[in-house]
Structures are given as structure tokens and as C-alpha cells.
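Have a look at the structure below, then the notes.
Labels run A, B, C and D following the written order; every chain starts at residue 1.
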Amino acid sequence: MSANRPGSGEDTGSVKNGSMERNSSGALLDIRDLHLGFRGYTGYTKVLHGISLSINRGQRVALVGESGSGKSVTARIVLGLLQETRTARITGDVEFQGNDMSSLNASQRRALRGTRMSMIFQDPTSALNPVFTIGYQFTEVLRRVDEKLSKEAAYLRAAELLHTVSIPDPARVLDAYSFQLSGGMNQRIIIAMALANSPSLLIADEPGTALDVTVQAQTLQLMHDMVATHNTAVLFISHNLGVVREFADRVYVIYRGRIVEEGATQSVFESPGHAYTRALMAAVPRVTGGGIPDIDDESADFHDPCFTHDSPIAGTES
Amino acid sequence: MNRTMVILFRNPLSLLGLLLVTLVVVLAVFADFIAPFPEHRGAVVDFVYFNKAPTARNIMGTDLVGRDLFSRIIYAYRISLILGVVVLAIAVPIGVIVGLFAGYLGGKSEFVLMRLTDVFLSIPPLVLAIAMMGVLEPTLLNAMLAVTAMWWPWYARLVYNVARSEREEGYVLAAEVIGASKYHIVFREILPNCLPAIITKMTLDMGFVIIIASSLSFLGLGVQPPTPDLGSMVAEGARYLPDSWWLTVFPGLAILIAVFGFNLIGDALREILGAEQ
Amino acid sequence: MTPVLRLLARRLGISLIVLIGVSMLVFGIARVIPGDPARIALGPNASTEQIAKLRASLHLDESIFVQYGHFIKDLSRGDLGISLYTNRPVTTDIAQFLPATLELVLVAGVLMIAIGLPLGIWSARFRGRFADHIIRLVSLLGVSAPSFVWAVILMLLFAYYLPLFPIAGRITDTYTIESITGFLLIDTLIAGNFQAFLNAAWHIVLPAFALALSGIGQAARLTRANMIETWDKPYIEMAQAYGYAPARIANRFAFKPSMIPSLTIIGLDFAAMLGNAFLVEAVFAWPGLSRYGVAVILRKDLNAIIGTVLIISAAFLIVNLIIDLLIAFLNPRIRYSQRDVK
Amino acid sequence: MINWKSLIAAALFASTGTTAAIGETVLRLDEVAVGELDPAKASDYADSILMFNVYDTLVLPTQGGPGHIGHLAESWSGEGNAYTFKLKEGVKFQSGNPLTADDVVFSLDRMKALGAGLSYLFGVVDSAEAVDASTVKFNLSSPYAPFVASLVRLPIVDKNAVMDNLADGEGDMKDWGQEYLSANGAGTGAYTVSSHNPQEETVLAKNADYFLGVGDAAPDTVRLRYGLEAATVRTLIAQGEHDIASQWLPPEVVQALAKDGAQLFTEAGTGAFYFKMNTTKAPLDDANCRLALASAFDYSTAVKMIAINDEISAGSPATGAIPVGMYGSNDASMVIKQDMAKAKEYLAACKYPAADMNIVVSWIAEVPLEERFALLMQSNFTELGIKSEIKKMPWALFAEQVAKPENTPHISQLFVNAVTGDPDTLLYGMYHSSTPGTWQSPEHLNDAQVDEHLEAGRTAASPEERAAAYGKLNARLMEIAPTIYGFDRQSVFAASNRVKAPALTDASQAFGLDGLGFSFRLMEMVE
């Protein structure tokens, strides 16, 4: 199968076929033909039109797209959060560690979260509860796996984990509240928390976008190292191709609820097949060499992907 | 505004609110045509039909001097609405001006104005009104005055909080930079941003004013007979429980219906205007 | 905890200023009462000399500023003067009536929190579902009627038609309970008379509910609104992503941050009950300060009016102070903030 | 459905089981707040009940007839300017102190010094002196026929007990024991004060050492509660938790209670319900206008409004200024009636045009029934083409405002009774020109003929002369109509069937003095 299939509206079917053909037996997470829609006052809105995606153990996979393309909802379906929203209609298969998520009930899905899979959010400071200490929140996370863990033991373990993310004074940090700490510090805490229970899958939704650029770079580097030591697979969600290039092994490009391109990071970046991918890449200053490039916050929305393409890509159906 | 109306009409609860308020307003405005016994709003005695339970002639029964309770409740609505409108029409501008200046100007005037507001807010609202009515002659006008006195500080506080945060906002700073006058900034820049909150609060307060005013007259400190007033009707009727239940139950329900209506609308407005911000 | 101490000091200072303001306000109000309080006090048959004497002893002939000075001087000695209505020191009257009112208000406050908050949490958790609609409707109804209407309705239903509860008083008068705290619910327990305790509790049910209903509604609405606002915060999604049980997320991770903005208003509602007690006490013949307050206002009993309003305002300020401290306790941002703690 | 209700009720009531000693009887009644315990300040009904039970007086009215009998006094003699009383032997105060003439002197001095309550009754008494330990002499400044009658309002106070408990005050007598007596009893009465809260409740207990003895059936404990709502009283009586309601219960509530089987107590005839017109204020300074209003008033409806049932009513039709049965009153058949034709005639003769009038009709906030009279009056006046407005006034404010003619409303509604049972105490205070501006005299009447008849009534020696004087007074008061004489008042009390009160049910045992029927020692508990 070719990684760089030229994308077009009619081609989405073949993308799907391509995923279907792939042998999924070794995959940690396997998503096939995922559809999502919302019932609302104004009718039914389709958001995902058959997404297929696969992550192997320890693999770092990026899902790239502009905001509103459906990447965040995909992440939430994987976590099993959207399934609890009554207005959402989800069809298709999501298989995690060989279990079909749709065959699990809400509490079984919940049991996976925080233990076998965890998530990192965009803004570390607001993702931490402002009225509980870091220590409280951290020990709660540790107790997700071992309910009988004593307070002292949990505390020590938390301090230990904070140490591994290069936090120099874990005791002080554990007693602090998120608003007393810097964004970078909070991001480290979040990374430590997310990996505390050695999950097999980590979903990182635009991690650190709210942070200072250099801090973001540092924490991404940290995350990179940490998942390597824990052998944790990552679903990395971003609109920033520069970051993706540094981080991911494999890239899926999502546009308006469809995967328009997929492949190894290297090959996608070298020869982007789909017009949308090219447009995305044009929006990012190209970098060469090590280090994380500057972030350009400018959205890809400014560049109509159809600009270089004659047949319009099907938009959101209503 | 159109969108607001659409949402108001679509939600069954706010629709109910609109319905109730419309009912109350129509009853009050057209009382002369709707009331079966319009003259019963005043001093009329009819000892043929006194203290009677509801019948076809008097659907809510008659009071102790034979007046039709339904007619009196309708006229009482009129008094309540007038009182509510007048109180808000006086209290809101006062509170808004105090709050705007305290919030925007800061400094000494902020300290003085807000401590003054605090003083008023430190007396439980009803207690202040009761104390004032104790001093004043119990008339409709004085009841309005007493309720107004306890009402403006809430608006001062509300607007003050908004104004204080707006003071730091970009558009206000920009206006200052281009040399706009203080009055321009306060009334043209800051005030419009407080408006949704004020309007929502006013709708909800219409109900609360009715509650407070009826509480005053319940204690005998409000509007005086023979002028019909819901609070004094409940108080008067409460003496004759449980035998003459209609004397209290209907005026009590009348208060509930009117206030509930205003609250439903206020709630809906809060959601809509709050969401727009 | 220094910021908390600083907060406390600041709030105390403000409360004191406010209390002085309140005293000036009520003093002013009380002095413009039409009619001669001395004549009212002495009754219809008093002679001119007697009235002149009383006027002199009340300093009624001096300027209002001098009068206020006398008032503050007496007040600092804990002397609020003699009630012209009961012929007893106002402080004695207040000491006698205040506990009954506080007991009623406190029980109503407990009901408000014990019922209102869970309703609000539930409503938020099941947002948009049937339970939510019902709770919203009921809590809106609760705030849509003055407490005297609820008092009358509750009395009619549960004391007349279903005679389950007594219609008046604090305790059946066959019990003689020594007054230690003035709170019957406590005094009966101190006396070790559990029957009397049950009896007192049985008497307080209807008045407390009548007083609490609008507070319950208000607390439920407020809790719901703030919970829903909190619900959209990233840290709640994070808690969900970590797989905590929904009930735990609601009751712990969402509840505590939601409570902080709610508390101020709940505190105000609680304090408003001090005023609404006027209405409920009248219906249930509850021998509290509010009934006394109405009586003295109707009789233009200056000292008693000033004393009553001052005491209620002081109670109001204390409640707000406690609420502020509670917020500081719940909200680490205030506890650890280095600057403006307002 | 009934079952679960009664189950819950039973469960709840079980927890309230009475802890009172078995066999102890409790009488519960109510009055309007406040109960003034200091006997020198007693003036209204609640105060009188307290006074007559905690204290005793030298004389009491004869039950069921005219005249007075000795009570603390063994005998008395005198007329004109001096009276001498011989005290009974062996009477002891509740403190154990013996009653002496000094106590009587002290009681009068205290009454006059405080100048509160009904002390004005003793304005003509210059002094009292103790002739010996058991003899006391009163010196009057002028002859005063109703003097003996007025002594029913001179409760005798325990001098030693008071002197031991003086609180801060100016002069030798400091506060005259006001603080002490406002919370404690110091009398010889049949009941002692167990606790007293002027707003809430006074608890009285039987005095086993009472000098006349107290019957076993008389209540052991009396709980006089203040300020209960009518609806509360109504339910408490129905539920068997209250015994005697105050007379201020609205007639509908008394009716409802009577229908449920409550008995009715009555106390008749020393007072009347008056609509008093301010004779100094236009247009009521013109007698024709007053007569017009008086003729327009619908007397028969007013009486109907206060009827409890066919037999018992809170009043009977008025025949004139003086209630039927008193000196100078008209015969019960000469009922005053509404006469619109005459009213119009009078109105035409009045110097003010009807169109310009706006009559302010006040009513006392504490007596809700008055509002209905005000409404009745308003509708009667409207029929006559006169505009009027209704003004509710709390009692205290009313008493203060009537001090000045210009502040006094056009029409004030008052229930006035003869506090000693003698017409002098009813009429002198209301109509004599020397006593304007008290709560009794919002007419501010100044009429030489009226003054003359009033003086004659109080100084005349024989009952016949007095009757003649009051007869003339009655005629004159009808002619100039300072007052609309509403109805002759009778107090009606709804009561449970657990109590018997002969003085309130049997005319031959009635005292003819307000409040005295509530001598608890004469009541019997049936249980």
C-alpha cells in the first residue's frame, strides 16, 4: 500500500480500504470506519465520516488537522468519553488491546481510563483542579490502580515520579496548588501523572500549546523521553506539523472528518500527497535540523485547501 | 433581540413564564373590564354575601365584608405591578450610577460609595424596609420609597463589579488613550457592557419586589386598605384559617403565579444574554 | 495562614465601619419618627410633667448629634436603654428573644444547605434530563413566593388538614426546660430530656421549612449553575479522562470549586432569613426577636427598634464574616494570594 | 389512607407525651400583648387579669347586683371628703408579710407617683394615712361619689417586698420598685407569678395560703399567653390545647368554634363601642354634620356583624350615649336606627357642602374588626354623597396623635368601658372639657352643659340624683352628637369545655367590671 496516495473527495473510500487491508492483529489501538454525528436542536450534524487509524505498541502516531477537523472528538471516542454524551451517535469499530470498546459498558470503559490509557490536555494549568493540591490530585491518580495504596506511600511514589520529570523539589510541588506553579512545571506534573500508572496508550491533545514556545519544546522533549522509557504508545493530536515532524513516527492527516493522508512521518513530509497536507505544510515555516521549530499559531483555515484542487472536497453534510 | 425572542418562545418553561406574566399584566391593565365587581376594589360592604366560599358568582369567594376576592386580586396585581415598575425605575438608575462611578473612578469615591453600599447591604433587606416603614406613614408611595432604599445597593454592587473589571479592559484603555471624557467612557463604553446583567436582574427583581412589597403589607406596613394588596389579604385571611381558607390561599397563589412568571422569564433571559456575552 | 489573618482583620475592620454606619442609619431613621416617643411610652393618661421628665432622661430635647453621642456611650457599656414597650432593658428583651430566632434561622440554614446543595448537584449531573427539569421547576417555585405564603400553605396542609405538626410555639408547655443557651434543641439535650428535644424538634419543622424553602430553591439553582459552569472546565474533563466515577467527579472535583462562588450568595440568603423570620414568626407564633421587632416598630419604641436592627445587622455581618472565612478556607487562591484579598 | 396519617400522628404525639404531674390542672388562655405586671401601670384587659389575680383590692363589686362589698377591707365608712377603711385581720402577702395600713398608703402613693395606668382615677384623692395598723383613711380634695367604686382599681402592694427590691432611680424612692414589680408579683392574691414574659406568656400558680382560700377545682397553673393569632387560638382550642380565647377573636372565628362545640363566656355591659368624631375639625365642628353622619350609620348591620349566633352577640343595639343598665341610660327598646332621610336633612343644614368633605375614618390596627366598621361607614357615607378615607393606626400611635386636635382623625373607633363600673369613669374622661386629648376623648368636646351634668353626676350624693344628672347628660349628648354610639358592648370569649367560669356565664354571679370575671380562683377545671 502506498503511503502517499493523492487525495481527493472520491478517494476516501480507498483510504478506508487501505486501513482495512492492514493487518491489525498486532495493533494496540485499531479504529475502523468510525462515524460520529450529533443530534441537536438544528438537526443532525455529521462530524466523522469513517475514520480508520491504527497504533502499535510503543508507536507514536500523530493525528494532524485544523481545528474542527474532528481530531479531538476522535481522541475522546478512544477514551470512551463521547460515548456518554447522549446526543452523540457513534458507529464503527474501536478496538483497544483487542477489546471492542463498543461492547464495553460505561464503567468498564471508565476502568480503562487513567490506568491503561491516559490523556494530556492543551493547557496544563487549567487541567489541574485549582482547589486541590497537586499532591492530592497525584495520589488520587495513583489510587486508580491500587485503591489500597496508603496516603504516605502514594505521596512518596508521587514525589519519585515528579523527580523523574526533573522537578527538583517534589515535596514543595506536591503541597502547592496549580496556580502557584509555572505552566512548564504544571506540564511536567501532568506528564508525570499521565504516565504514573504506565498506561499503554497516551493521548496528547495539542499538548502545551498554551505554553511559552521554549517551555513547550522542553516539555515535548520530556514527553518524548518519558514515553520511550515507559514504552507507551502515543496518539499525538496537533495542528502543528513542525512539532509533529519532530515527535511522531507516523502521521494521519485529518480534514473535515476524513483521513486524507497517512504514512510514515518522513515520507509524508517529503512528498505530501494531498492538497490539504501541502496547504498545511505551507502554513508552517520549514525547519531543518534538530530542535523544535517556532510555533506558528496561524490557523490553516486561512488557506483554502481547494485552492489548488479542482474538485471540491465534500464538506460537512447536514 | 430576535434570536432572544425565538429562544424565549421555543423553550416551554420560558413560554409558560411569558404566558403567566402576560396573564398578570392583562389582568392588571384591563382590570376594569375583567373584574366581575370592579367597585369591590374600594370600600364596599355587602353583608348578604360575606365570607362565602367560592361559588359561580364569586369564583374565589368573598371576603369578610362581602367583596369579590377575584376582583380584588386583579386590582391588587395592578398595585403590585405599579410598585414594581416604579421601584425599579428609581432604584436601578441610582444603583447603576453609584456602581459605575465607584467602579470606574476608584480611589476615595470608590471607598466612600462602596462602604455606603455595604452599610445598606448589611441590614437584611426586609429589616431595612420594615424599619423605614415603621417611621413613615404606611402608604403606597412610602412603601415604594422603602423598597427602593433597600434595592439600589444591589445594582450598585453588580455594576461596580462589572465596571471594576471593565476598567482594565482594552477598549476602555483605548478610549482613555484617545482622550475620551470620563463620562463618555462610563456611559458609552462601560455601561453597555453591564446592560445584559442589569436587564436580567431587573426581570428577576420584578418578582422579588412583588415579594418584598407583599411582605411589607403582610406585616401591616405597606399599602393600606381598602386598597387591595396581596400581602395584606393573606395577612387578613390568615386569621380565619382554616375555616375561610380561600381568603389566604387565592391571594397567596396569586403572588406565587406572578413571581413565578417573572422568574421563568428572568431565568431564560439570563441563559440567553449570559450565553451571548 | 497569614493571608487569612489579614483577611480576617480586614473584614473585621470593614464590618466595624459598616456597623457604625448602620447604627447612624437606624439612629437617624428612629429619630425622625413622627410623634413623641415619650408620650407614646407613658401612655394615654400621662401628665405633661411626666412626659417632660422622660424626654429629658431620653435626651430627646438635645440635638441629634448629642443624642447619638449618648447612644454610642451607652452602647459601649452594653446598654441599649429601656424598651418603652416592655418596660425592660432592651438588652434583656433581645437576650430573651434572639436565641429563638437564631435557632429557627440556623435550622432553616441547615435545611437550605442539606437539601439545596444536593438538589443542585443532582440537577447539574443530570442536566437536561427529567430529574433536572423537575428540580429546576421546584426550586424556581421555591423562590417564587414570600416565606409567609409558604408558612400559611405548610400550616394549612400539615397542621390543619393533616394535623401532623403543631401550629404554634417552640415546645409543648408542659416541659420546663432550664434556659442555658436559649436554644431549646440544645437546652433539652443538656437537660438530658430527649422527649423534650423531640418535642422541640417537632415544633421547629414547619417554621424552619417555611423559612428555608426559598433558600433551598436559591441554593439549588445557584449550585446547579455553578456546577454546570465548572463542568466545562478542563480539569473536569481531565478527571473524566482519568476515569473517576461520575458521582465522585460531581461530589468532589466539581463541587468544591463550584461552592466558592455559590457560598457568597448562599451566605446572603442565609442572612436574608434573619429578615424573613419576621414573616414566619408571625404565622407560627414563634416567640423570637422578629415578632418583637414588629411589635416595637408598630409602637415606635425607639430604643428597641435601634437595638433590634443593630443586633440583626451584627448577626448578618457575623454570618458574612464566617462565609468569607469559609471561602478563604475552601479557596486556596485567597489563602495563598499575596495581594488584594478582597 | 386514614391509617398512615393517624400512625404518623400517633408516632409524633407519642414523643410529646406530657410530663406534668398527674392531676395538676392547667388553664390556658390568651390576650393581646403585652401583659403589664406592675399593678400601678395596669390599664388594659391583660393587665387587669394579672392584677385581679396577683393582687387584691379593698373592695369588690357585688356579684350579680349593684354596690360593693369589702374584700381586703372588713368595713368602711365615710362620705364627702373622707373615707375610713378597716382592714381584715390575718391577711398575708405572698411573701408572708402581713397586710397593714402602711401597705395601702404605699400603694396609693406609688400609684400617684408613677402616674401611669389608671392613676388618674385617684386625682381627687389628696392623701391616705394609716390611722393604725389596720385602719386607713383617705382624704379627698372634693366630694366624689364614685370613690368607693374606684378602689377596685387600687391593688394593694407589699410595701416591704418592694422596698427591699428598689432599683436605681432618682429621689428617695429610687425607681419605686418598677423593675422588680414588672417581673415579680408582690400581692396578696390567689395566684403567684411563676414566670412572666410580657411578650410571650405569664405563668401563674395557685396560692395555697390565700386568705379566702382557693377551691380545689380552681386551676393549679394558669398560662396566660400573649399575641396569639386568631387562627392559632382557633386550632388550639379545637385540638384541646387552649381553654379561653381572648375577646378580640373575630366573630367568624368565634362562630366556627361555637359550631365545633366550644362554649361561650360573656362579660356584659359596662362599656360601649363608639365612633368618636373630632368636634374641632371641619366639617365635624358643625353639629348638623355630625348628626348627618350619625343618622347615616347603619346600626343594625353593625350589630349583625358582631353576632355569634342567635342568642349571643358581642354587642346589643345602642340606645344613647350611656349603655343600657347604667345610671341615666335609655330603655333597651329605644334603639338608635339608620335614617337616611334625616341624614340628608341634617346635611343640608350643615354649613359645609358635602362635596368638599373628606372624612378620615381611623381604625386601631390591633382590632381588625374595626376595619370592617370603617368600610361599613365608608359605604354609608358614600350613599350620602360624602367622600371618606380609611386609616389604620397602631394603638400606640393613635394614643399619641389624639393629644392634639389637629392630629386627631375625623372619626376614631373606640371600645370604652367604665374601668370601675361607674358611669363617671366612662363618661367624665370622654366628654368633660378638662380632659380633652386622651385616648378616650378624641372628640375634644367643649360643651358647658355637658360639663355641668358630668360634675353633678360625680358629686351628687344619692343614686337618684346621679341617675337624673346622667339622664340629662344622655339627652344633651344625643342632641349635639359628638359621637356615633355604635352599640353596647359585651365581651364574648370562646372557651373549651374543660373550664367552668360562673362569673362569666351566670348573670347572678357577674361582677359588672371588666376583667374581674377572670378571677381564676372562681373558675373550675372539669376533667
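As a convention for this text, contacts are C-beta pairs under 8 Å (C-beta built on N, C-alpha and C of every residue); 3 or more make two chains touch, one makes a residue touch a chain.
Remember, predicted model here, so these are calculated numbers, not experimental data.
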{"item": "Geometric centre: closest chain by C-alpha means", "value": "C"}
{"item": "Pair joined by more contacting C-beta pairs (A-C or B-C)", "value": "B-C"}
{"item": "Gap in Å, rounded to a whole number, between the CA centres of chain C and chain A", "value": "52"}
{"item": "Chain B and chain C, separation of their C-alpha mean positions in angstrom", "value": "22"}
{"item": "Separation of mean Cα positions, chain D and chain A [Å, integer]", "value": "90"}
{"item": "Residue list for chain B, restricted to those that touch at least two other chains", "value": "220, 238, 241-242"}
{"item": "Set of chain A residues in contact with two or more other chains", "value": "none"}
{"item": "Contacts with 2+ other chains: residues of chain D", "value": "229, 231, 235, 365"}
{"item": "Pairs of chains found to touch, sorted by chain label", "value": "A-C, B-C, B-D, C-D"}
{"item": "Chain C-facing residues of chain B, complex", "value": "13, 115-116, 118-120, 122-128, 130-135, 137, 207, 211-212, 214-215, 218-221, 231, 234-235, 238, 241-242, 245, 248-249, 252, 255-256, 259-260, 263-264, 267"}
{"item": "In the complex, chain A residues that touch chain C", "value": "79, 81, 86, 107, 110-115, 118-119, 121-123, 126-133, 140-141, 144, 177, 179-180, 203"}
{"item": "Of all residues in chain C, those that touch chain D in their complex", "value": "35-36, 39-40, 42-47, 50, 85-88, 93, 96-97, 159-160, 162-165, 167-168, 172-175, 195-196, 198-199, 202, 282-283, 285, 287, 291-292, 295, 298-300"}
{"item": "Contact footprint of chain B on chain D as seen in their complex", "value": "229-231, 234-235, 250, 252-253, 256, 301, 304-305, 365, 368, 371-372, 374-376, 378-379, 382, 388, 390-392"}
{"item": "Contacting residues of chain D [partner chain C, same complex]", "value": "5, 8-9, 12, 15-20, 26, 28, 33-34, 36, 38, 41, 43, 115-120, 178, 182-183, 197-201, 223, 227-229, 231-232, 235-236, 239, 365, 394-397, 399-403, 438-440"}
